[in-house]
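Dropping the structure in here first, questions after.
Each chain gets a letter, A, B and C, in the order it is written, and its residues are counted from 1.
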């Protein structure tokens, strides 16, 4: 791992302890997850206990300590999506990929994670894959959507 | 960019840019907030840009925010000199090509037009600006003006005054609509107490949940002992089903910034923070640009308008934790810590961020501020009800014809919102309830449809205003399932610090789960009520204290539905999987094979043109057969 | 001083004191689980819930975090309090049905068997261990991870922490005995944290007395402490001190 990348991120936030969440977000943007080596390095750079860093990293939803798949599927669990049957879509994706919510496929192709509300309620039920948003998703469309991502 | 140091300079920019937003040449706006983009606005914009380039057209193409009518997106507004402004809806690349074609011939496609505007109201100045009309296509005569369009007729846009009309990434367009002139007035002509007085008199209350009087909060914070004070904008819009804050930030970020600078001046703060959800990348990006532009003009930074007042704003992205909407948790999060609430015996206006007096308001509240100061408390307090002044933005979503963001005066009835504006429930289904207030709120049943909507009335019926989510439910929604949904949301989002919330929500969810599985027991309803009371009374923060509300309100209005699950082992709405079976009406089945092909379990048998049948042992109740049957022969019992 | 009423008794307390402190000072007992007088109050277990009445207005709050206020009336055992405390203990008992301390407290409230599905935890997430490690020991070897029902106290990555001193303060403050520190010959073990540390031999008696890392930590922390503190076990130090006194005394007798 190139620790200079981590240093640059820490420097961008002037190595302030209060910027920890932002720093972790930037590390995750770089590596797709929070690698242990990076966190150990941040501990030294910010002079804070590792427990503080991991406390934050495990408290907030957006962080993950395990490598994610190449594509991140976020199924919107907002209320509008719920009343419009998003649970069935979620179950369909689970069956299609053979994994449960929160898991990553063995070939590291997909990670499946619920997300609070994306605020695209007019398109409910909504599924977001990487940066693409799919609205008014139907069960029978799921496999075609997933095929777009290799 | 040069710093703007006086009123003349500001006015000059305003006049120049009024020509930009009411131009002498055609201006096309594409609604490109997150919701628009998700509906395909990006592609529409792309096509427009290509067409303009290819044909070498003298047209200004602008990306704007969301005008509220999300159901009809992508929306494209065309302002052609001599014409009224027209809004095309449900655009795609094919349609927009045709529209350009027609536009060049001076024609329109009237079937795709949502509404027209023959004049624009400049609310801040109290003026109207008509579009000079000449040579308009005949078809435009029949088009409904915005002010008579059912979706817009009853709306009054204060916080969303600029959304969808200006380019949110261009500060000049905000200035053209009167932006930052209120800030000038405040910094040069008012002393801080006057500003607080005006906000107090206006009756503005926090739009983020509790509805605390904004002026009083500012007063407490200004008078709290200490030299350093902070001003914070809560943009961690957490209620599922509410997205007005995102829309305001994406469509008109400067209204929030101007509100914050005015507030900071009144409170005596030189440092501000915006805590924003990381799930809103576009809003973060728009805000960053807006802050940069405000700094370049000198509206943020040192010695604003030569008044001697300094103020800066920093953005903090959240990490995806609903509990961070709670003030003490939000402040812990800004400090880089775990978002764990603390006991609030000493309020954050006295000891908040880094233990300094801190004033927290949400996006919508801040966006109201410039207009209240500009138009005066008397003007504002005439809108709304006795104790709830002004307007509120609601996100009207769920089983509703016209999904979107609607800003309406307080006191409007649920019926007006759901039927007049929202167009009612689609598909000839029966309206059942509307959920307001997010996970802390409750479900309001059909019999209360004439309830006037304000802070007091919503609390009185066991719900709350919250941040303004309004999720409409029809007869196909199971209220026990909804209660279970919210509790499961809250179980995931509870920080887990205190016993009452962590263990209480878990136990309530266990009980609700067994009820939906047909394993409910005699006494479960009473146990839920008992738990609800203790969780509400003894939880550390508002998340736990309000967590039982979805259960209590559904029990209050839909107790029979709980009883049906427990006693008869039936789900009246036919939602709870363990209590329903799918079968085919064999008399009516035409044997089209569609369901057979789609069934993931190969549970459906039958030949072409022969009645099909579902093997109950194999059926997983995914409902794909029901969703796709063209002859409506799949039944649920 | 601030005057208030607790269980119909007039009580005086210094400004900034909590209701719990004010009550204990006059001998009114309020049960607690997550409270320790040496640590920052946390308000997590909710067992110390009391009723606070001010004019017409009554609400429940935790005695350990609520600061005393002039004229308030506190009830530590009203019906409202008992009902809430009973449910809180019922929930804690369902979480930890085999923890003696919880069983006793629950029995005091008249609960034998919770009405909820039983888990089998030993930890009630009171956070005393986390606070003592951070505030008193100053190393933060353990912390809360995850949130909601997933919340737990652990070491980073659930392996032995590289900053744990093996001091055992966490085990001392743990109200449920979920954390145990044990000594097996030259090794100090805290199994829950996967801590296994070698102890130092006493220069005098040859007994193993404290983990090496803890001694080095103390050395670094306060260099003024005499060298013998780091080499001899507490009982030998006591003996040595005794000898010194004896020696001085006998010298006195001899020469003075």
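A few notes on this one:
In this text, a contact is a pair of C-beta atoms (placed from the backbone, for glycine too) under 8 Å apart; a residue touches a chain by one contact, two chains touch by 3 or more.
Going by UniProt, the chains are A = NADH-quinone oxidoreductase subunit NuoE.
This one's a predicted model, so the numbers in the text were calculated from it and none came from an experiment.
Taken as a contact graph, the chains are fully connected, with every chain touching every other chain. Counting C-beta pairs in contact, the chain pair with the highest total is A-B. Each chain gets one centre point, the mean of its Cα atoms, and the points for chain B and chain C are 46 Å apart.
With centres set at the average Cα position, the gap from chain A to chain B is 23 Å.
Distance from the chain A centre to the chain C centre is 37 Å, each centre being the mean of its Cα atoms. Residue positions 144, 146-147 of chain C each touch two or more of the other chains. The multi-chain contact residues of chain B, meaning those touching 2 or more other chains, are 321, 338, 493, 495. Shared interface positions of chain A, defined as residues touching 2 or more other chains, are 52, 55, 59. By the touch rule above, chain B contacts chain A in their complex via residues 34-35, 37-39, 70-71, 73, 237-243, 246-247, 278-280, 316-322, 333-340, 395, 397-399, 403-404, 435, 438, 469, 471, 473, 477, 482, 485-486, 489, 493, 495, 598, 600, 622-624, 627-628.
Of all the residues in chain A, the ones that touch chain C in their complex are 36, 49-52, 54-55, 58-59. Residues 321, 323, 338, 342-343, 345-346, 491-500, 502-504, 506-507, 510, 527, 530-531, 534, 537-540 of chain B are the ones touching chain C in the complex. Within the complex formed with chain B, the chain A residues making contact are 16-22, 24-25, 52, 55-56, 59-63, 77-80, 82-85, 88, 91-92, 95, 115-124, 126, 133, 135, 138-140. Chain C contributes residues 42-47, 49, 59-62, 65-67, 80, 83-84, 87-88, 91-92, 94-95, 115-117, 124-125, 127, 144, 146-151 to its touches with chain B in the complex.
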